[in-house]
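Report on one structure; see the data block that follows.
Going by the order they are written in, the chains are A, B, C and D; count residues from 1 in each one.
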Amino acid sequence: MDEDKRIVLENLNVRYSGMETSQLKNININTPIGQIIGIVGNSHSGKSTLCRVLAGIIPKIISATISGTYTIAGRSPMDDWTAFNTSTGVVLQNPAGQLSGLADTVADELAFDLINQGTSADVISKRVANVAAQMGLTDQLRQKPESLSGGQMQRLAIATAIITQPQILIMDDPTSEMDPVGRQQFFHWLTTVKDTTVFIVSSEIDDLCEVADSIWIMSEGELVSQGSPQDVFNHLSPEWQIPTPTVYQMAEKMNWRLTGDVFPVAAEELKEAFDATN
Amino acid sequence: MTDQSMLSDESAGKSKWYNAVDPITKLLFILDMALLSFAGTNLIMEAGLITAAFLLLVFSKISSTTVKALGFSLFLIFTMLVIQGLFYSKNQTVLFSVLGINFYKEGLMYATTLGSRVLVIILASGFFMVTTTISENAKYLEQSGLSYKTVYVLMSVCYILPEIMGNMRKIQQAQRVRGVNPQRTILQKLKSVLPVLIPLVIKTLDQSMTRSISLQLRGFDNPKRKALKADTHYRLAGMWHIGLTMIAVVLIGWKLWTKINGLF
Amino acid sequence: MKTEPINRTSMWKFKLSAATMTLIPAAVGINYVAKALAEGLKLPVWLGSLGTFLASMLAGPVAGAISGFINNVIYGLTLSPISTVYAITSIGIGIAVGILHARGWFSSAKKVFVSAIIIAIVSAVISTPLNVIFWGGQTGIAWGDSLFAVMVANHLPVWLASFTDEFVLDILDKVCVAYLAFFIYRQLPQRMVRFFRDDK
Amino acid sequence: MPQIELHNLQFAYPEKSFNLNVEQHLFSDSMTAIVGQNGAGKSTIFKLLTGLLKQDAGRITIDGVVLNDFKPSERLKKIGITFQNPDDQLFNATVKREVEWSLSQVNSDKDQNAARAVEVLKKVGLADKSDENPYDLSLSERKLLTIATVLAVDPEIYLFDEPMMSLDWPSKRMVTDIFRELSATGHQVITITHDMDWVAEEFHSVTVMEHGEIKFSGTPRDLFGDRELLQRVGLLPPKIMELAEMLGDSKTYLSPQDYQNQNIVQ
């Protein structure tokens, strides 16, 4: 298929300088763009490192020994960093550290990326209002960024990542500090995102199964499984120490199966399996 | 830096006269006042400068920061008067005696001159401190052609400081419930700052790492960056700059000239 | 702040990298909280150069010098105007720490003591003329100033009395700060040390 | 097991419009979860219990003894707490020393402390990382380490503020096992959490807070059975109930296992 419409990682190995072992080992992926990809794994599985590679942070900002190739939609951070960088939006693990550190208000913070790109003032104000509404921050626009709660800070970090309308969105555990209602709203919002490739690291597997087109499971630096949520969670290895989603557990207990003798992992599939059994 | 008014925007609606004066003009004003006070040795002139700077403050506004800065210096000026009044090397003429201790005219004059200079600088800076906000300075500096990097390095600490202070409070609480023994000696006290400082430094540096990565990802050094226009409109900025700089040059030149002449 | 890098491997990195750019405000912030902490505990030292020390150790003398400079400028413009002129002292401290650290004088507890003395001398040498110009030679700290008064009363030269006043205060402060910086630096995770050292 | 009694407890922050007001409450279960939205006053209760804040009025007693009467060292043996963010407390050079430091606050015998540290680190799965710098561990491991520093002291009452946050799955299982063991050995565990699935599966008792007041206290089954209350205090039921409801079943279920049990009985 067309290189411009694929995410291609070939024999990717990454080792931070000064470390003895590799953080990523021989990662191979060839998958279409435009999907929501959920990345799942435990400590030291390499999922955050993978995020950094996908965002180009490695090796452009953090030095590491890297081998193999990485292109997304035909672009690589190594070829044209500025172009690659403008096409991505990134949400890092630590939301407070992501703020520019030179903004009076949430509105100024949101405008930052657009000012950097030289966007005109009226476009800026329109986009700021728009993403603030999407992330539920409209009432906070005049507040100081540092006065926000953890969950609001995380939503602000997401808003700064999407304000430039990136084609690729990379989020490392973006809901860790949100309360359940905030998290629910975030995952609902994620289903409304169009024409964007989304990489999301999260431990909320119930939610991932509802929104993700594809799940990648990382274990000890290797990509041990990839495919649709249904496929991946029906073939977990106990070694990876990844739990099954609640839907799967319920269906397994009740022995509600889908055609192909697999268990459902998302709500709609559960309904299907339930109807097929009862 | 703890003064919140430094950060909060003055409400755009009610613009005062001093908002029309740009930050550089205000800084040059401090420089000129300081040079003037150092140029003269005449106490009447010093008194005049103090009065001028004080009136300027009265007609703008007086904030607690200026009062604090003044409080500290006044105490120091007082000790200076005592020490120099008693021990100044050129002391000759007894001005008055308290409990048999002689205070000399030369020392007191010397200390008064020094103290006046300090007061002139504090009051003149006070005008700058109470009439500009950090964001105004940041925007103005960037518009004046300073790179975003430089502005960032100069100004960002005022924004991240509340965050660091917040982290410090959290860390102090977390350590207090782990039990910190009461400290009496200096060494014990010094050791007791480590449980707070180590997590705080690591957290602060960790945040600067993330921030540095994030700023690059957010394209802060994109050549297309256009600085935001400041909300305030400055009047006659160019004229002020030239005028005040000229005064500064003349004062320095004159001081040098008299020094050089004095050598021969 | 704006010139080209002279030499990649040298400690004299004049190009302000993004990492250094965010390190400097952090260092100034650390200076501030360390000072506040010392005041809160009524310690007889300032500790207000801890961040400058750490910045120099992590990213070299230039980063340290800029941190020190900005520390005093911000302090001067927000809290105490006269402290602005002592920015020169802070620059000196930043450079001294950076050079000493790069030469390995922060590698053991014994060497740190020597470093602290050198830094205190640098600090006192630069501060003394400023003290004389602005405060007739005093420092504003009671027991240092009483020493000053005794020396002046005994007809010792002002500059010597002032230097002694400043130096006794500096030596205590810089020894404390140097050891704190030494302990803290040793505890920083390696990824952090590497990040600020290898910045691009 | 210790009993904590709150009586006419009142507290207000000087600068915020927040008032904590608890007329009468008894923490007497071996495992209690405190739930509620951000700003409901959950952490404030913890800070009052540990003496970080002092109430404006009312009193807190533990087994009849007024909290403020405990000496600092007695209090450490009485109540232990871990906060949300592990990085607010780690400062020692190695993992082992971090645990030993906590122990040194209650016991001066170094050999005993060293042995106890080894034992506790084994329990949280960090035995082979004893000599590493705490900040070289993963976030999940750092969180386990802070839990270990409290386990080492072995207080009668454990307070955990969001213990599951930022843990990976193996660590979550480990912490759940530790909680069960603590509760079985006469300790009282009180935890703040947002994780309703965990509350439903593991806890015997739930306390709901809203606007500084305790709005509900009882079993998870009673709480999640009261849809109207959940709605009012802005809480979501466990995932399993959401799924059952989608299938047209609005009964109260606490876990997939519970669902199976109830539906097989029918």
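Here is the rule we use: a residue touches a chain if its C-beta (ideal position, glycine included) is under 8 Å from a C-beta of that chain, and two chains touch if they have at least 3 such contacts.
Computed from a prediction, not measured in an experiment: that's the story for all the values here.
A.B. asks: Does B-D or A-B have the larger number of C-beta pairs in contact?
C.D. replies: Between A-B and B-D, contacts are more numerous in A-B.
A.B. asks: For chain B and chain D, let me know how many angstrom lie between their CA-based centres, rounded off.
C.D. replies: 47
A.B. asks: Between chain A and chain C, what is the separation of their C-alpha centroids in Å?
C.D. replies: 43
A.B. asks: Using mean CA coordinates as chain centres, what's the gap between chain B and chain C in Å?
C.D. replies: Computed from C-alpha means, the inter-chain centre distance equals 18 Å.
A.B. asks: Scan chain C for residues touching two or more other chains and write them down.
C.D. replies: As it turns out, chain C has residues touching two or more other chains at 18, 22, 25, 187-192, 195.
A.B. asks: Which residues of chain B are in contact with two or more other chains?
C.D. replies: Residues 152, 156, 160, 194, 196, 198, 202, 206-209, 211-213, 215-216, 220.
A.B. asks: Two or more other chains touching the same residue: where does that happen in chain A?
C.D. replies: Within chain A, residues 61-62, 93, 101 contact more than one other chain.
A.B. asks: Work through the pairs of chains, note which ones touch, and then classify the graph as line, ring, star, complete or other.
C.D. replies: complete
A.B. asks: Can you list the chain B residues touching chain C in their complex?
C.D. replies: 1, 3, 6, 30, 65, 68-69, 72-73, 75-76, 79-80, 83-84, 86-89, 110-111, 114, 117-118, 121-122, 125-126, 128-129, 147, 149-150, 152-154, 156-158, 160-161, 164-165, 168, 183, 186, 189-190, 192-194, 196-198, 200-202, 204-209, 211-213, 215-216, 220-221
A.B. asks: Please output the residues of chain A touching chain D within their complex, sorted ascending.
C.D. replies: Against chain D, the touching part of chain A is residues 42-44, 93, 149-151, 176-177, 179-181, 184, 203, 206, 241-243, 246-247, 249-250, 252-254, 267, 270-271, 274.
A.B. asks: Give every residue of chain A touching chain B within the complex, in rising order.
C.D. replies: Touch list, chain A to chain B: 55, 57, 60-62, 82, 85-86, 88, 90, 92-94, 96-104, 111-113, 115-118, 144, 146, 160.
A.B. asks: For the complex, give me every residue of chain D touching chain A.
C.D. replies: So the residues of chain D touching chain A come out as 37-39, 138-141, 165-166, 168-171, 194, 196-197, 234-236, 239-240, 243, 246-247, 256-257, 259-260, 263.
A.B. asks: Hey, which residues of chain D end up touching chain C in the complex?
C.D. replies: Contact set of chain D toward chain C: 91, 93, 133, 135-136.
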